[in-house]
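Going by the order they are written in, the chains are A, B and C; count residues from 1 in each one.
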């Protein structure tokens, strides 16, 4: 165990951009040294940085992170999520975003003026939307539709994957999702909560896009995933 | 060794272990853990909304554990539904797991842990705790450490590790003692302590030493299983 | 199961797909999912089986004990089917007193097994009018991805065929420490299996996933077996408030024997 870590450490010293990843369990030693900064999922214990949760430990330069491999969605400010309208209230909409708290979209956060009497013409129960989390407090998550690409999703369909697999579905700088969009000619919106919306011009392409995303999401290890995806499409 | 174990194991020898995570695809985290013929499965759901609302804690999330035997896990069929025994074990399991986890980042929520025994040959609560600890980790819950659990015991005057059903029913000499413990894997802090039987106070240290050593072995096994999430 | 659980979009999309005989997992509307059977779930059970069908997984265990016959059937043993929708298996299953679906599953399996006549209960008598064997079937889902009934029915048949009598003590009690090699008095020919159909608009789908179940309006489950060389429907239950039309039922009756034979072919390979 120690050896692997030392190698990882050396490698990151030689090349601060290269990343070394391995699966760690909570409480497990990741790296020794005052210089390292524990990020998400990691913490300091004396001289050591240890894992605070289960996942892939990533040493990128001085930064140590533990990236979750599984688990429920934990909302964060600024996340774009997909949700489903579960109730229309007098001053906004109650939205299911598949997290522990209820999400609320105030009427003032819609992109244009909405008459209070016509709220369910804009968003009705069962409708799906892409929204951004602009605050989290106590029991609630507040959403906004002000921003590019946000709003009600028309046509297509929504399905869910494990939220921890969202980053790899998106890929480095969006490379994976761009590949899937191009190969299937579909429009795709990925919510950080693991809900994904797909719309294409025909059913077969839409089904193919979903199968491709599920293929990526089911893989535990991310190495060479774009190549595997290319291969999947050529079969 | 004064008393031979029916299974032929050495006094400090664990039964064959098996462990695997991701066995319940619907769950946020899940694991199966086996000590010989004892098979426990655990699934974790959450952090998720806690109902009813008056039980919610604005300072932290809450851990809620349910343990039960499946009807056909024991020779005399267990009637479905909670019993006094399963209610007690659910609670002590909750206490055993709680010190490892930190739910402060998830106020007003609950993390539900469901543990079921599929096949019972003694040590069901300890197997259940090992499975649950792995399932909690698998669910990505912030944890200080894994929880590792084993039942040490004594048959007549002999301290033994990982008590099985035959040993639980031992009647010779000083009889049988069952001493299930759980601890934070990397420290000497205990989170489950139960005992029934006869053990002289001066031999407590000996029993804990045996438990610590067994837990180290179990911890390595849990770690290995958590790292074996292949494709 | 109410369509409230699913989004309007997914429901519309599934309707469009079903109109073209398409499903997300590549099946046609009236295709079953493939399945696998394993044994040895619990060595404390007299018999057991695990069925995996897609991501749906169900375990079934058989326990046997002795008791008195029911007053109205002095010359027959007892059959009891029980089970629970463990909160382990789905975020939708809750702890506490069993809800309706948890009651419906074992009841429907009970009717299917009993009415098919696959078990000769008369051969479970130890002393007529005094002591008989009681066979208890316990069903538990481990992961619910739809069509629990279909998977459970396969599990029940496999576990019953896997079961062996415990020994019998001198005072006619089950002796679990001295098990026998004797199998249950089962018909070799009669093996009931259930088939669940869901309906969305005018489309019928067989053996739905959980996602499909959530989008649909109504459902019906049929238990079917073969008895004296003929196909027999042994049990049926329609659920939810939407209706089934006569033409739909006739359609189902046309395809059931073929579907039954498909499942049997695989299931028989698991039964020794």
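One rule holds in what follows: a contact is a pair of C-beta atoms (placed from the backbone, for glycine too) under 8 Å apart; a residue touches a chain by one contact, two chains touch by 3 or more.
The structure presented is a predicted model; accordingly, all values stated were derived computationally and were not measured.
Enquirer: Could you let me know which interface, A-B or A-C, is made of more C-beta pairs in contact?
Expert: Between A-C and A-B, the larger count of C-beta pairs in contact belongs to A-B.
Enquirer: Let me spell it out: compute each chain's centre from its C-alpha atoms, then which one is farthest from chain A's centre?
Expert: C
Enquirer: Rounded to the nearest whole Å, what is the centre-to-centre distance of chain A and chain B, using the mean of the C-alpha atoms as each centre?
Expert: The mean C-alpha positions of chain A and chain B differ by 33 Å.
Enquirer: Determine the centre-to-centre distance between chain A and chain C, using the mean Cα coordinates as centres, and give it in whole Å.
Expert: 38
Enquirer: Give the residues of chain A that touch two or more other chains, as numbers and ranges in rising order.
Expert: Touching at least two other chains: none.
Enquirer: Using the touch rule from the top of the page, what residues of chain B touch 2 or more other chains?
Expert: Residues 45, 48 of chain B touch two or more partner chains.
Enquirer: Along chain A, where are the residues that touch chain C in the complex?
Expert: Counting only chain A, the residues touching chain C are 84, 124-128, 153, 155-159, 197, 203-204, 206-207, 210-211.
Enquirer: What residues on chain C touch chain A, complex-wise?
Expert: For this pair, the touching residues of chain C are 4, 6-14, 16-17, 20, 22, 24, 211.
Enquirer: What part of chain A is in contact with chain B in the complex they form?
Expert: For chain A paired with chain B, touching residues are 23, 25-28, 41, 52-55, 68-72, 74, 100-102, 138-139, 164, 218-221.
Enquirer: Going by the contact rule at the top, pick out the chain C residues touching chain B in the complex.
Expert: Per the stated touch rule, the residues are 41-45, 48, 55, 59, 61-63, 65, 82-84, 86-91, 95, 136, 138, 140, 142-145, 176-177.
Enquirer: Quick one: which bits of chain B touch chain A in the complex? Just the residue numbers, please.
Expert: It comes out as residues 22, 28-29, 45-49, 56, 58, 61, 100, 105-109, 137-146, 184-186, 222-223, 226-227, 229-231.
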